[in-house]
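The same subunit A turns up in both complexes below, where it pairs with subunit B and then with subunit C.
Let's turn to the complex of A and B:
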């Protein structure tokens, strides 16, 4: 099996006159937890949406497990968007049924287990839930899949610190050795301890890719302090 | 996968339609007993008359509302579920784009037919026609005598094609509007006008080519033959079928190759 799960070449996405992604070339191996780090509007979300075929690139190409984005890649990619994509009229149990209907790799038991641990009742309607609770539900859905690539866009942005720890543990606990997790965020300190590799992105360009160990060795700094230095305003 | 999509589409829409149908049928029953048209009764200005006006108005609003809501829900399901935030989920399911469109189209057609049937039933309830089945049979027979067998059996196909045609044209207009960077909704309205204009243009051309002999025969006292009616229906069936296929292909290509959810 090819060891690269995600590869992109000369990827460019333009919105009007703004280059959201500018000639990005990357390859990410299997079995890693990768932080996609950058300030607001640096192109993190655009990159993840391109991988999910929610946006169409102006130039360049993406390969996931050697395939262009399409049905086959959607079967192996589990995506957490930064938006709330849940159908408001559904109950939590309805949306779990939907996931298990459409995704062969969805583990229903795991999902109900996590709901219980976070005190979310399966019979509750999504409409009556707070924003934070909905985010938790989405994360549970996404992490209950046994996917090969997880694309998590700001997974801890809107959740309280106590739940943050549980969520990070959940991500780690569901971490299959061959799966890769890409986490986009600008809250680095909380997430640094679980990362293997980091990608710094600014104004649509990759400014640095390295492993966390090498960053500590080379710069003698934590990823958080290096981030603050690189992206100093 | 298509079956599952249809199942969820029905689930998402049934909760909107059923209460509407129930209310419409209930009000038509109420009106039947309140007898708002005051058939065979002298009219006095009193409480009963006010009641009649209120119940009749409510019924009328519900009747128009049901038909309007059918259209609104059709548009809203396509726009919100595929091109709104819910599209983030729909387009990351391992499902082909055309299956999304077909599932929406089939369910929307189903509701259009049911809404129409419920509206007609409500009118029949209010009208309180005695010997209903006999009268309906008579009417159908009269239509069949006029159109001839071929055209008579083409009518339901023609109606179904018409529903599919307009639905897919709306989908194509929304998809084309989605290509614009800004003002996507206004652009969608504009695109609908453009598509409708193209349809009218094609209709004129087809009329001249396929149904030319029929039109040539039109004079003030003209009565179409059964053959002419069939030719006319068939021409329009082919035209709307062809345009529906084109609009479907346009919608599918845009959602598949030019999707940009923001």
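Let's turn to the complex of A and C:
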């Protein structure tokens, strides 16, 4: 099996007159947890949407497990969008049934386990839940798949610090070591300990890629402090 | 169990130091089996590859060893553990001395501060 799970070459996406992604070339191996870090409107979500075929590039290409984004890649990619897309009237147990029908790699037992750990009742409807609880349900659904690539768009944006810890623990506890997780975020301090590598993105361009420990070694500071310097307003 | 990861240094070196500390202080006794990489990573809230790297270095140094089928163990060589303990002590004392010298104390002053404080501690307990 090829060791590269995601590869893109000269990827460019233009919205009107704005280059949301500008000639991005990247290659991400299997078995890594990667942080896609950048301020708002830097191109993080555009990149993730391109990987999921929700957008098509103006130039360049993406390959996931050697394939262009499409039906086949969706079988191996588990995607957490930044917005809630689940039907409000559904019960958690309904959604779990839907997911297990839809995805061959969905592990129902794992999903119920995680729900239990978080005190979320399967019979509850989404509309009765707080924003934070809904986010947890979404993350549980995404992490219950035995995927090869997880694309998590702002998984910790809306939750309190305690839930954030739980979410990071869920990510660490539920991924297998051959899978890769890409986490897009601008909240770095809480998350950098669980990352192998980081990609800094600004105005659609990659400005830095390195491992967390090399950044700490080279600059004598955390990724969070370096980020604040690089993206100083 | 508590893991304390500072922000200004590489994570894997801090993991090495803290595992050494846990071995020296008997949290992981000689000859005992360590938790799996995944469990240790989860406990410390760090990346599993980073934890793996720290364990591999400790194994290289001989403080840990891997048994092919049953996992990773702390060495039974108590002399080696003692040696690690001494070098950790040296490191702490060096840091302490550096700070005291920065504060402007000379050796005899440092010695008298230490013995004074130890006497006081002894009185209290």
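We adopt the following convention: the second predicted complex is superposed on the first by the 233 of 233 C-alpha atoms of A that agree within 3 Å, B and C clash if a C-alpha of one lies under 4 Å from a C-alpha of the other, contacts with A are read in each partner's own complex, and residues count from 1 in each chain.
Criterion: a residue touches a chain if its C-beta (ideal position, glycine included) is under 8 Å from a C-beta of that chain, and two chains touch if they have at least 3 such contacts.
Fair warning: this is a prediction, and the values are worked out from it, not measured in the lab.
In this overlay on subunit A, subunit B fits alongside subunit C without clashing. With both structures placed on the common chain, the touch criterion links A:53 to subunit B but leaves subunit C unconnected.
Shared-chain residue A:93: touches no atom of subunit B or subunit C.
In the superposed pair of complexes, A:107 makes contact with neither subunit B nor subunit C. In the superposed pair of complexes, A:168 makes contact with subunit C only, with no contact to subunit B.
In the superposition on chain A, A:83 makes contact with subunit B only, while subunit C stays out of contact range.
Touch criterion not met for A:23: it reaches neither subunit B nor subunit C.
Of the two partner chains placed around the shared chain by superposition, subunit C is the only one that A:196 touches, whereas subunit B remains out of contact. Judged by the touch definition given at the top, the superposed model places A:12 against neither subunit B nor subunit C. Of note, the Cα-centre angle with subunit A at its vertex and subunit B and subunit C at its ends comes out at 160 degrees, rounded to the nearest 10.
Think of it this way: put the two complexes on top of each other by chain A, and the tightest Cα contact between subunit B and subunit C is 27 Å. Residues common to the contacts of subunit A with subunit B and with subunit C across the two structures: none. Chain contact summary for the complex, subunit A toward subunit C: residues 31-33, 165, 168-169, 172-173, 177, 189, 193-196, 212-214, 216-217, 220-222, 224-225. Subunit C makes touch with subunit A in their complex at residues 5, 7-12, 38, 41-42, 44-50.
Remark: subunit B residues 1, 4, 8, 11-12, 15, 81, 85-89, 91-96, 181, 257-261 touch subunit A in the complex. Of all the residues in subunit A, the ones that touch subunit B in their complex are 15-16, 49, 52-56, 71-72, 74-75, 77, 79, 81, 83-87, 89, 94, 98, 101-103.
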